[in-house]
Amino acid sequence: MPRVTVWNEYRHEKTDPAVAAIYPDGIHTTIASALGEHGIEASTATMDEPEHGLSPDVLGSTDVLIWWGHLAHDEVGDAVVDRVQQRVLDGMGLIVLHSGHGSKIFRRLMGTSCNLKWRESTDSEVLWNVAPGHPITEGVEENLILDQEEMYGEFFDIPTPETLVFISWFTGGEVFRSGAVYQRGAGRIFYFRPGHETYPTYHNKEIQRVIANAARWASRNHDVTQKFGNPAPLMPPGS
Amino acid sequence: MPRVTVWNEYRHEKTDPAVAAIYPDGIHTTIASALGEHGIEASTATMDEPEHGLSPDVLGSTDVLIWWGHLAHDEVGDAVVDRVQQRVLDGMGLIVLHSGHGSKIFRRLMGTSCNLKWRESTDSEVLWNVAPGHPITEGVEENLILDQEEMYGEFFDIPTPETLVFISWFTGGEVFRSGAVYQRGAGRIFYFRPGHETYPTYHNKEIQRVIANAARWASRNHDVTQKFGNPAPLMPPGS
Amino acid sequence: MPRVTVWNEYRHEKTDPAVAAIYPDGIHTTIASALGEHGIEASTATMDEPEHGLSPDVLGSTDVLIWWGHLAHDEVGDAVVDRVQQRVLDGMGLIVLHSGHGSKIFRRLMGTSCNLKWRESTDSEVLWNVAPGHPITEGVEENLILDQEEMYGEFFDIPTPETLVFISWFTGGEVFRSGAVYQRGAGRIFYFRPGHETYPTYHNKEIQRVIANAARWASRNHDVTQKFGNPAPLMPPGS
Amino acid sequence: MPRVTVWNEYRHEKTDPAVAAIYPDGIHTTIASALGEHGIEASTATMDEPEHGLSPDVLGSTDVLIWWGHLAHDEVGDAVVDRVQQRVLDGMGLIVLHSGHGSKIFRRLMGTSCNLKWRESTDSEVLWNVAPGHPITEGVEENLILDQEEMYGEFFDIPTPETLVFISWFTGGEVFRSGAVYQRGAGRIFYFRPGHETYPTYHNKEIQRVIANAARWASRNHDVTQKFGNPAPLMPPGS
């Protein structure tokens, strides 16, 4: 069973009553609790803890890290970003949610700006499952409908996803690559679009199922010890 | 300059007055003429010619084949499908349009059913350019709008595109991977969704530009002679 | 636990004493037995059984099909090839071994010739693990060495693998993409190069481990019911 | 015609007589001169010029940047790395050679460590063309042989290449993904392995041809203006 840590910036919930009404204990608590209902043990970490709650010990015992940030990407210390990146390359899974597209760690791992279009309005969102058979869509119908969400639109400046899992439709005429899978080193990465703080998206059972599926899928399958450096020839001359 | 052959089933235009009104000389003629305006020499071939107009000589002097078919996929002879497939593997480009998703040659090259959802209704279509920088989107804006088109929806049973160039939005809530790039052997393949026979889509200047770009891109860059068989060792033992 | 069926042409073992000495009960029996040691239940099917041992009932209760063929690819009936392809698109895993690269079913799913170079000589083979972290390489070292094997060399006419798992080195100076992953419909496909009939490759514990890992990985995660056809709009006009 | 800038660290040539004997005017001069023979105009820039020779003006008029660095990756200023990255995302091509795998800019764009194995010894290298039909292999035979080169071996910690163009074989038993294609934003990237400073690799006509092909291929096809930000709905409600 994967050991999951849910990381949250945890600022909106403390300053915006509309957000606090939806997530009184923070987005991280809602997600961790939902994972528990799927049989996955999850702890939490937040920005304003020492080392943002992501000490070497915490990361060393985390199989999958879930990341929600928005307002304060720049406040995340580079040493912590380095540490998270290294753990991903060594095999830790990483699930980046919604506005986490702009986080230092996601941009670091992608190599691109990760910019996009957005609009807070009255859009509905339909997420289409374009990867039936992928572990992330286990038990997911052909589409998921969210009555109201923030719009994210293309062009989304990311590398071509290795697997595209969801494409979103928005009322206003936009589309978005909403579920994107990458491998970096031995680590699996999943970007999942939904989850604006002013909507109850993480209370949605179908969204919770996707995150739980992704956590199981992203969990390291096995220890990986990559060997680098300067080896002797494997096959001596004249062999 | 690529030598393009535009292949058309050419049945709807002869039996349906609504289609004939839009494409009086056939879809193939409209597309070939549009390519001419882009400086690309294009000839045509149709189903009811001998060998469907695709003799070894014709294929041997074709750099890029464009394919539109719908009603009569099953009438295309297997020997011609074999011949087209081999030419693609040897380096001929192939552009498959709209209902050509169900053609023998496309299904042969994809290995999947190529099934999808569809609806003839009052949908508008917005094609979003998700590959800015790709030669196929040269001069193409961030999106193309078609006031009315047939809806094609996911799940579209194709292999993961090597590059996804366009994603379509439809009024009814659907999305579709509308521009998909593949390599098979030395040949480049582009599937492009728009072009239902009852709409004037191939008269649209932006759609024409995409097809012209794709024809230039899919054209073989250089002769390729793949070597197979049973060679002597390149490096003799004890070298 | 996946239900695996190991399919073998089973001709070499009956006609060539050198092969019979290595695989007295057939390659299929050796592989099935090895899977059993990994806790995977495997049955077998062979060319000369009715329907090549691949009736609708057998395929319907097979989660992963393993395929070894060589001399008699052309004798496999098209109806059986159609049936296997459909089962793959519906979610059955398929592992194609060695000379199975030339089988009807592999060429059908790839869309290419699947041709390559080969040489029966005194080559050693080193398979390098280029996908640490992938479930197929769980417990696999950075390389696997086979003292003697048939050489397979590039160019190997396959579509770009979605994940390249192994690259082989041969004494004679050749390289080969020896472990290649594809998705077709809801089905996972793995091509794995080693296993010429005149070498004891399938008795090698490391090779057995790769095949067992691949069988677990390729097993359908969940039922997939792809919906195609002509649906009503999800979002009515003016919604 | 692409405007190419060849960037070189230019340290080995000034301190190591063995290197100076091969590249008396620096690796950059040899490469720029070779491009000239292929009809491509190339200027040069080196580490110890102001802003490492990569001012905004220089980058603004560069379609393709070629990068060779080794000893002094850490001395490249972050502001210049930022600037190069942004230009790549905006459409500038980037060709990274040999030990440039460890450069800040390549690691920035890849998101991984880009570590590998290496050995300076008596290895020969055979580069196998696994992408016949790709513009980078135009006129390239099925393989290129370098009598002596530094060995680079797997695991090479890079994201899965979008197209794998070359795989190298080394005498000592190693293989390496030697030619790897990526897209980041609107920019095309090619990593090409050969070129250790103590061997005359960049005087080799076949290697020069690959670099010239790559420069033409990586050159921006067209201006790209990606739009981000907060747009009005394209399709007003009730449309």
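The letters A, B, C and D name the chains in turn, as written, and every chain counts its residues from 1.
Methods note: contacts are C-beta pairs under 8 Å (C-beta built on N, C-alpha and C of every residue); 3 or more make two chains touch, one makes a residue touch a chain.
As the structure is a computational prediction, the values presented were derived from the model and not from experiment.
Distance from the centre of chain D peaks at C, each centre being the average of the chain's Cα atoms. Of all residue numbers that take part in the contact between chain A and chain D, over half occur on both sides, making this a same-residue interface. Per-chain CA centroids place chain A at a distance of 36 Å from chain B. Mean C-alpha positions place chain B and chain D at a centre distance of 33 Å.
Along chain D, residues 126, 132, 142, 153, 155, 160, 162-163, 171, 173-174, 183, 185, 226-227, 234-235, 237, 239 each make contact with two or more other chains.
For chain B in complex with chain D, the touching residues are 91, 124, 126, 132-135, 138-139, 142-143, 145, 162-163, 171, 183, 185-188, 220-222, 224, 226-227, 234-235, 239. For chain C in complex with chain D, the residues that touch the partner chain are 126, 128-130, 132, 142, 153-156, 160, 163-164, 167-170, 173-175, 177, 237-239. Residue ranges on chain B touching chain C, taken from their complex, read 85, 89, 108-113, 115-119, 121-123, 153, 155, 157, 159-160, 162, 171-174, 182-185, 226-237.
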